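To keep things simple, chains are lettered A, B, C and D as they appear, and every chain counts its residues starting from 1.
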Amino acid sequence: MPFTYAKTVHFGDTDAAGVVFFANYLVFCHEAYEEALGAAGIDLGSFFSDHGVVVPIVKSEAEYLRSLTCGDKLAITVTPRLLGPDSFEVAYEVQRLSPTAKRAARVRTEHVCIASSSRARQALPAPLASFVGAA
Amino acid sequence: MPFTYAKTVHFGDTDAAGVVFFANYLVFCHEAYEEALGAAGIDLGSFFSDHGVVVPIVKSEAEYLRSLTCGDKLAITVTPRLLGPDSFEVAYEVQRLSPTAKRAARVRTEHVCIASSSRARQALPAPLASFVGAA
Amino acid sequence: MPFTYAKTVHFGDTDAAGVVFFANYLVFCHEAYEEALGAAGIDLGSFFSDHGVVVPIVKSEAEYLRSLTCGDKLAITVTPRLLGPDSFEVAYEVQRLSPTAKRAARVRTEHVCIASSSRARQALPAPLASFVGAA
Amino acid sequence: MPFTYAKTVHFGDTDAAGVVFFANYLVFCHEAYEEALGAAGIDLGSFFSDHGVVVPIVKSEAEYLRSLTCGDKLAITVTPRLLGPDSFEVAYEVQRLSPTAKRAARVRTEHVCIASSSRARQALPAPLASFVGAA
């Protein structure tokens, strides 16, 4: 069972077309990723600051299937998968829950673990490897 | 008892100083305002779109008391108060809940109800008057 | 020659890792798209509001090649290409100009023209077809 | 003569009411503050990262006088003023330039210089004192 993040669309997420601005789907998915990391016991405050090893996103892909409006309730599933010793992907499904549940977007991010000084690739730290393998 | 909105700080809310960017405190408070409106039975989808009457924010004030970081859990209280037949204010207290509860910001927004075509001031619609009076 | 948009990275674009948040690369590219449309004589105020025909982004892809920090000067090129009578893509190259010019990201968005009420696909309006063909 | 920052409103700055979201006026003013600092010879990359001394915003106030829409050209003036040995304010005027020049907002931010470890107030570093005094 993938981790699921519950999210409400807020007014500041929308644009003058009346719907969520396309880049904000990625913001929502990053929130879901953070909540999934937190649920796996990873401390977000230190994970996202630079302690010698960083895990930047190197790729993103999104398919926008349905527009979302202020007040919409969403469920975003988070499915990580190992790509190599130093990289993984996360697949997200964004569902709009009402009036009837509909898939609103499919998003994918790709992450690589590097030493922040040398930019050399590093094996995933154990808690992150566990998150990717276990989730 | 004021309405209270529970919020987690996410990575996208922070800036290169490692803490929440000052303008995002206002974004958080607007989310709290929306949730309070929703809890009072007001439909957000139609409230924030233009149906002849709009309720723009005409003033904001914020005191930033403590910095906030990724993963912080917040409680934001929402206290509306009538200012006149066509205007109201909303006072917000942003509390950081852990490690110990501390007030992180005090924010205030001022709202005026106008006809969207003529820009003339209008009495608050009944559901909004009830929200302001009852909350 | 593709249209080029000059952009400075601002503090609010960054996150607690000290660099531009990944979703903001897409925000920058959308700004470049708007400037390219404007340079082609398309009125942005009406283009992005709903006049019966809307042109939502249905896909985005991004490769993040280099991190960007506050104060960085960027040049973003915008290269549209027709995909069919009712759709087009826009390819973006994000260059960081200093200290030496380096490609920082490659981004691609895909756009479909639809009737906003029926959601049926529509031929691109003439000014947009001209933008896609001529640029 | 105050420093003036030229800015175009972009689609991502707007919300479902069709106009710029209130918190984004503050984002625009912070951009203007950064450009003014840069024009005064202050390196933004290091100014906004933590080198022992930080200059957080402790207060903001904004009056929203006119709505702004996608494509609007703005001129934002930046007027800093010393408040004490360790603090200063910045006043901003946001002008919408077309169709006719109109004041769209008045914004004020208050900044305090502190040691980042002890949080004790510090005298403004010389380049910042010069910015505040000279501008």
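In this text, a contact is a pair of C-beta atoms (placed from the backbone, for glycine too) under 8 Å apart; a residue touches a chain by one contact, two chains touch by 3 or more.
Computed from a predicted model, the values in this text were never measured in an experiment.
Touch-path distance (fewest steps) from subunit A to subunit D is 1. Using CA-based centroids throughout, the chain positioned farthest away from subunit A is D.
Between C-D and B-C, more C-beta contact pairs are found at C-D. Chain geometry summary: the mean Cα position of subunit C and that of subunit D are 27 Å apart.
Each chain gets one centre point, the mean of its Cα atoms, and the points for subunit A and subunit C are 22 Å apart. Note: centroid distance subunit B to subunit C, computed from Cα atoms, is 32 Å.
Residues of subunit C found to touch two or more other chains are 11-12, 15-18, 23, 27, 30, 48-49, 69-70. Judged by the touch criterion defined above, the protein chains are all mutually in contact, each touching every other.
Residues 11-12, 14-19, 21, 23, 69-70 of subunit A touch subunit D in their complex. The residues of subunit C lying in touch with subunit D in their complex are 8, 10-12, 18, 27, 30-31, 34-35, 38, 43-45, 48-49, 69-71. The touching residues of subunit D, counted against subunit B in their complex, run 15-18, 22-24, 26-27, 30, 48-50, 54, 56-64, 67, 109.
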